[in-house]
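To start, the structure itself, in structure tokens.
By written order: A, B, C, D, E and F. Residues from 1 in each chain.
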Amino acid sequence: MLAEAKSLEQQIRDFYEEYTICLDDADYDRWSSYFTDDAEYKIISRENFDRGLPMASMSCEGIGMIKDRVTALVKVLVYEPRYWRRYVSSVRVKACDGNVIKSGANFLLYESMLDREPQLNMLGQYHDTLVRDGDSFRIKERFAVYDNHRILTTLFAPV
Amino acid sequence: MLAEAKSLEQQIRDFYEEYTICLDDADYDRWSSYFTDDAEYKIISRENFDRGLPMASMSCEGIGMIKDRVTALVKVLVYEPRYWRRYVSSVRVKACDGNVIKSGANFLLYESMLDREPQLNMLGQYHDTLVRDGDSFRIKERFAVYDNHRILTTLFAPV
Amino acid sequence: MLAEAKSLEQQIRDFYEEYTICLDDADYDRWSSYFTDDAEYKIISRENFDRGLPMASMSCEGIGMIKDRVTALVKVLVYEPRYWRRYVSSVRVKACDGNVIKSGANFLLYESMLDREPQLNMLGQYHDTLVRDGDSFRIKERFAVYDNHRILTTLFAPV
Amino acid sequence: MTLQERIRGDDIELKWPEEGPTRIPSWIYTSEEIFRRELEVFHYGKSWNYVGLECELPEAGSFKRAWIGPRSVIVTRDENGEIHTVENRCAHRDSQMTWKECGKFEDGMIVCPYHNWTYAMDGSLKSMPFFRGAAGNPGMPKDFDKKQHGLVKLRTTVRGGVIWATYQEDTPSFEDFVGEGLPWYDRLFNGRKLKLLGFCRQIVPCNWKFYSDNTHDGYHAALLHTFIPKFGLWRPDGDYHQVPTADGRHIVYHMKYDSGLQHTRNEVTDELRVLKSEYELEDRRIVNQHSDEFGDSTNTAFQVFPSTVIQQFHSSFSIRHMIPKSATTHELSWNFFGYEDDDEEQIKARIRHSNLVGPSGFISAEDTEIIAQLQPNVNEYDSRHVIEMGGKGTEAAHTMISESAIRAFYSFYRKEMNL
Amino acid sequence: MTLQERIRGDDIELKWPEEGPTRIPSWIYTSEEIFRRELEVFHYGKSWNYVGLECELPEAGSFKRAWIGPRSVIVTRDENGEIHTVENRCAHRDSQMTWKECGKFEDGMIVCPYHNWTYAMDGSLKSMPFFRGAAGNPGMPKDFDKKQHGLVKLRTTVRGGVIWATYQEDTPSFEDFVGEGLPWYDRLFNGRKLKLLGFCRQIVPCNWKFYSDNTHDGYHAALLHTFIPKFGLWRPDGDYHQVPTADGRHIVYHMKYDSGLQHTRNEVTDELRVLKSEYELEDRRIVNQHSDEFGDSTNTAFQVFPSTVIQQFHSSFSIRHMIPKSATTHELSWNFFGYEDDDEEQIKARIRHSNLVGPSGFISAEDTEIIAQLQPNVNEYDSRHVIEMGGKGTEAAHTMISESAIRAFYSFYRKEMNL
Amino acid sequence: MTLQERIRGDDIELKWPEEGPTRIPSWIYTSEEIFRRELEVFHYGKSWNYVGLECELPEAGSFKRAWIGPRSVIVTRDENGEIHTVENRCAHRDSQMTWKECGKFEDGMIVCPYHNWTYAMDGSLKSMPFFRGAAGNPGMPKDFDKKQHGLVKLRTTVRGGVIWATYQEDTPSFEDFVGEGLPWYDRLFNGRKLKLLGFCRQIVPCNWKFYSDNTHDGYHAALLHTFIPKFGLWRPDGDYHQVPTADGRHIVYHMKYDSGLQHTRNEVTDELRVLKSEYELEDRRIVNQHSDEFGDSTNTAFQVFPSTVIQQFHSSFSIRHMIPKSATTHELSWNFFGYEDDDEEQIKARIRHSNLVGPSGFISAEDTEIIAQLQPNVNEYDSRHVIEMGGKGTEAAHTMISESAIRAFYSFYRKEMNL
């Protein structure tokens, strides 16, 4: 079955789901490969995003900072171990101009600690710019905009 | 990529997701355009639905009442501001007879208030009758059947 | 629209969603038809699964035990009535060798009791082996691995 | 420490303000001690509680679950057609007898799921497995008296197709309990058979008296709710009556519907900022009268304390059932109904007009929304609400713009609660 | 105000009913004061608590987390192979030492994440960064005595591959604590090395004693659980024994398995409505015996109070660990195991028969389901449970149809709790 | 029963340990009584609370919501440009006046949604519908005095673009309140107009003083946080000062940044196990200085008790707002800002360096993560934290490796709380 047989919407949906699977599987090295070298990556509150305030809870300028987040998560930081699980829905292609695609999706992030009940950690929507890369895509810009008024304790999980 | 290349299931899934996006984006004027002029729209408890009781928590007979709901939501009613986010899953085509399609899906509705943690507001399933309208569809009948025993405080959000 | 026009990923996704719908509709007799006669079916904690411990919260060896679970659920066991609703996401094809497909997905299970608010009952991922059966598939092996540290009260719902 | 916890710790004395019913102390909305006393005095005391409609029990063996505050009870119909109300709680070990909203008991017996103690529809203990032993075991002691171990039974009465229950032997008759408002009750429950149209239930994170207060508060209705004055459902310059009855226990509201009222403007409407809003409806059937069923062109709400508001707005009939769950949570359960002989158009009108009320009602959704947001402030502050609109009296008021029904209710409340 | 809150406010006196162990007051299932006293008297008192299996600690440095009521402890193996139990709580500022279920401590040292105080596997404080200062800072005061600042250590013992811990110096030896039921313990833990098969954990919204009571309640087993009499696992007319030991502290259950029993009918089975249900199994391997491992064709459950029920149903072996979390919540953790030298078929049989028990067990799921729904009623009502099946005594009963084990337990409980 | 509940039941006496500030009893982190007393003594007492930045109120009618513990207040700017702080609570029936974070009040009036009582921006009651009646109703009583029914107003002051509010008339001036640390305040808030960059909010399941303690705890910073010593942001062998001011109420931290420090090794770094970790950054811009804005190559944190820590790490400026919600929960709200005339590169640097702090900061995420896991242990245990690093004194320390700032704070705390 050839990828060409798929509509752009399907390809984009597959891309979002693969990305999600990659993170759920904690395959963080591969995760960084989803980004272009000059990627901008932010996890930002809906409050700041809607008001045009630039501060994000996590801000990466370029692939180096994204990889440094992986290093911190895997090797450096002290945090409670847990399982993260992501649900992506309503994947949408907003615009497509040559190799550049504006897209988005809704996301849900759950976390399951090792001594208590799972909880909804974060929910919101992606506002992305993708670029084609062969059969697949890379993320040139991602704003993961979370609806929750407050981060639940801390933010370690990439989305 | 032509819409014709998509299976009916895909088209219907796309339709449900577009509808969801439209509501999440609070694009309510466009929302009313998803319905036929004579559409019946109900948000009804699973309890009433399963027992064959006709009363719904929200009942619209025709596009006028649907538009009036938009008017009330946008211009009239006093309610706590919040972000709503919907997740749709298990989109299904139950029957297709010419231009008339019986379909359904599962939905989840979360809400994020501006001073506390997000909460699951409603979950359930759609029981729909769609009609073809050119490349897309319109909703002729929607029963949004919610599983939750009780509405959480109030019901303002269309689903 | 012919099934052949669908990619394997789509077919598998459809299969997962149909399965989910079947369970949500409490169509348990049909549910058992999704399995091969020699199917192995387990609902197992992430803790046991990751540590290689074989004990599961529910273990069926073959279609007989699966059907016996249906009998117990429908005719025998005493438990609080409720509505279950499942959300499946990130369906993935991990490998395909002839008629044998390794696949997986994320799942969420909510339950709505008849006198209180809905709650998240279980979440996790499927690790499956499917075999082709004509236009569709059957499950030869399913590990439904739940992330939650503890079962919420009891486990009655198949996933 | 919330206000409620401070009260428990005796930091705050439960003493009503000296001003009397023109002041309400915030602790009546937060204290678990007050909440428990309310249940004992009102719901479990000499009151008739709403438990259902007769039409919900179509045949012998039928049952429905109901709630009296945090307690669930079962309403049954026995083979003689008699209706009973029993607690949903086994005399053996407190097991719930059923988890269902309604259904039919097989063989007309209520069987406990845990050890199968078996009760008749009136709650009397009939049998249990191995009562006289088995395989060498003696069974229950000889002095075990089944009569002492039935389900707790409530007194039950039916009037006009509506079922009421009380815990107390000496509660006055339902008619005496309702008192002078009875004609308003009988206007709706007039002997025509009722037909259940469905339930809408809400769980609301605030004290249940905020809901009760809000129904007593005609003042807010013209100011919070755009729909009411805009479409002239009723208006401060219209014919509106709030009438305390039974010493303030129950309160009757009735207002004439005048379809022309919405078009007039005067110095009263000048005070209504909600009228400024510019919008129109595409389909006015929701706000217009469908038919004048009672020949009086009147809409009504009658609070039969402590459990219900009986309401007729145009063609929408409902019993709003207030179910306190804790000091800071209540359920509001809307029981919509019509008459058995309603034709299809009439039922449609009942459903259509019910868009004004219920969890997403153009009017009622605003009520629940506004009261829910009072709770955080009363939790935090030891405050006094100022109830002086329309003066300081407790008499009937013939205007929306008065808080006298609230004052009348709290005069009654203080006396009963000994506050 | 729930019953528990009323108790806290002294509305309800904590006085056992005069009838003695034939009555259980509902407040023992709701009061946080009772709950705290239970922990002090039982779990933190002169009891041995289950903390794990020796095979969970394969090597020096291995650790596993365990729970004693709401407290988490760490069970470790040191370089001499000795097993220790210490609290999961730093002596400096109460930080948890680990968040993990199990693992290995590097260098055999437990290092606190917050300020890196470093403890040996037995909990003794070994070192801390900058103990003697740095860069002009004097470090810890000269009079700081590391010996006074170790992790709190519990006494630990191992018998038959199972690890037990106690807070008290004067708790009797494990053998004396278990008492006359010890042969039933040793039957399962007989020196063969154990093999961990996995955990199934449940969080249950009710008081933990409802679970304990349920295991003492042979009476329900034939009435609630269809599977038990239907497939003759045991039956009221079979060979069944409930034997209080150690004055009612621990209770032994043992019942002979007779594969023919399921096919007989008599006046006993006539009382079992659950036998009426018409259904069959497609695969009877779950209910049939796989092999008679102990040569006695017997199934057993032994409640070693307060923390466990040790259970063997056919080939399924488990330690059911009861972990009270609050007055109204407990965890039930199933620790499934076999023997190290089990062959593959034997392990399969253990897993297969475990479908009878655990969170979705054909039998056990009904237990947890039924007890969870008792809690709302005991929260609301100040009631007395009536425990009179089989008479009023507390002796061993040789039938399922008796509540004497419950009475025996509460005789013991009242004495220990001083109620 | 958690520790907190035991305290409420008087099982535990609220008496500070005899050792003084070298011991902290765990009940200060769990007791709701203590929590309530803290709010009364500190937040609602003679303290200045952070409520916002002047730049958040750009014009007449602008408002923003702020939190003082569990209370929400509204900060407004009136038509004269004056800034006011009023409670978000109607004088009539405790309705919240707004649900929004910020916005603009139409016509410069605050209108209650429930009955439209209308207040000026300074909280004074201006009007209400039907004040003088309508349609025969008399309106409000003649003796109703609008002046007695305004919104509760707080004293408000602005210094350097930051807005502070206090409940008490006799709170000293903001400058006297801050005391000798004022130059550190003025270093950042030096008259240059501020520019809001955004908020990051966290809800944290532990007592708010764990967060406060953690900012006073230089000791953990080199041991928990790899990033700090690894990249030489500061180090135990560097130039680091923790200076209690105002008798321990506020504490100033300042440390020189020396980019060479990270490369040196000595007997101090030998004690830092976190330095052993082998990893590198791909992009060091996050840890390296962008520019030396104040010409002193210094990073600072200044805890202005009880509501804020004012912080400058490299180019990241923030006011960390500590908002106690209950004894066991607090919000931590990061208010990031720069100067109005920052160029784009400067803003980018502020955002970039903010990756060190906030909810996912390479440093700060570990702080919140570690303190949240202390709460279960203090809930369960009546313990004493041992605060002896660097001796037993409360003087300024010129090293990271000291707990003297914690001791200084608790000396102040005991005196104010009368413990």
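Here is the rule we go by: a contact is a pair of C-beta atoms (placed from the backbone, for glycine too) under 8 Å apart; a residue touches a chain by one contact, two chains touch by 3 or more.
Worth saying up front: this structure is predicted, and the values here are computed from it rather than measured.
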Contacts common to chain B and chain F (chain labels): A, D
Neighbouring chains shared between chain D and chain F, ordered by label: B, E
Centroid comparison with chain A (C-alpha atoms), farthest chain: D
Contact-pair overlap exceeding half with B-F, pair selected from A-F, C-E or C-D: C-D
Label of the chain whose CA centroid is most distant from the centroid of chain C: F
Mean-CA-position distance for chain D and chain B (Å): 31
Centre-of-Cα separation between chain C and chain B, whole angstrom: 27
Chain centre separation (chain A, chain E; CA means) in Å: 43
Chain A and chain D, separation of their C-alpha mean positions in angstrom: 48
Residues of chain E engaged with two or more neighbouring chains: 8, 72, 99, 101, 113, 203, 224, 370, 373
Multi-chain contact sites of chain A, meaning residues that touch two or more partners: 10, 47, 78, 80, 87, 89, 114-115, 117, 120, 149-150, 152
Each pair of chains that touches, named by its two labels: A-B, A-C, A-E, A-F, B-C, B-D, B-F, C-D, C-E, D-E, D-F, E-F
Of all residues in chain D, those that touch chain F in their complex: 1, 5-6, 8-9, 11, 26, 219-220, 222-224, 236-237, 267-268, 271-273, 370, 373-374, 376-381, 383, 385-386, 388-392, 397-399, 401-402
Contact footprint of chain F on chain A as seen in their complex: 43-45, 47-48, 51, 53-65, 67-68, 71-72, 75-80, 149-156
Of chain F, residues touching chain B in the complex: 72, 99-101, 113, 203
Partner chain F, residues of chain E touching it in the complex: 8, 32-33, 35-36, 70-72, 88-89, 91-96, 99, 111, 113-116, 129-130, 133-141, 144, 149, 327
Interfacial residue positions of chain A with respect to chain B in the complex: 7-10, 46-47, 87, 89-92, 106, 108, 120, 123-125, 147-150, 152
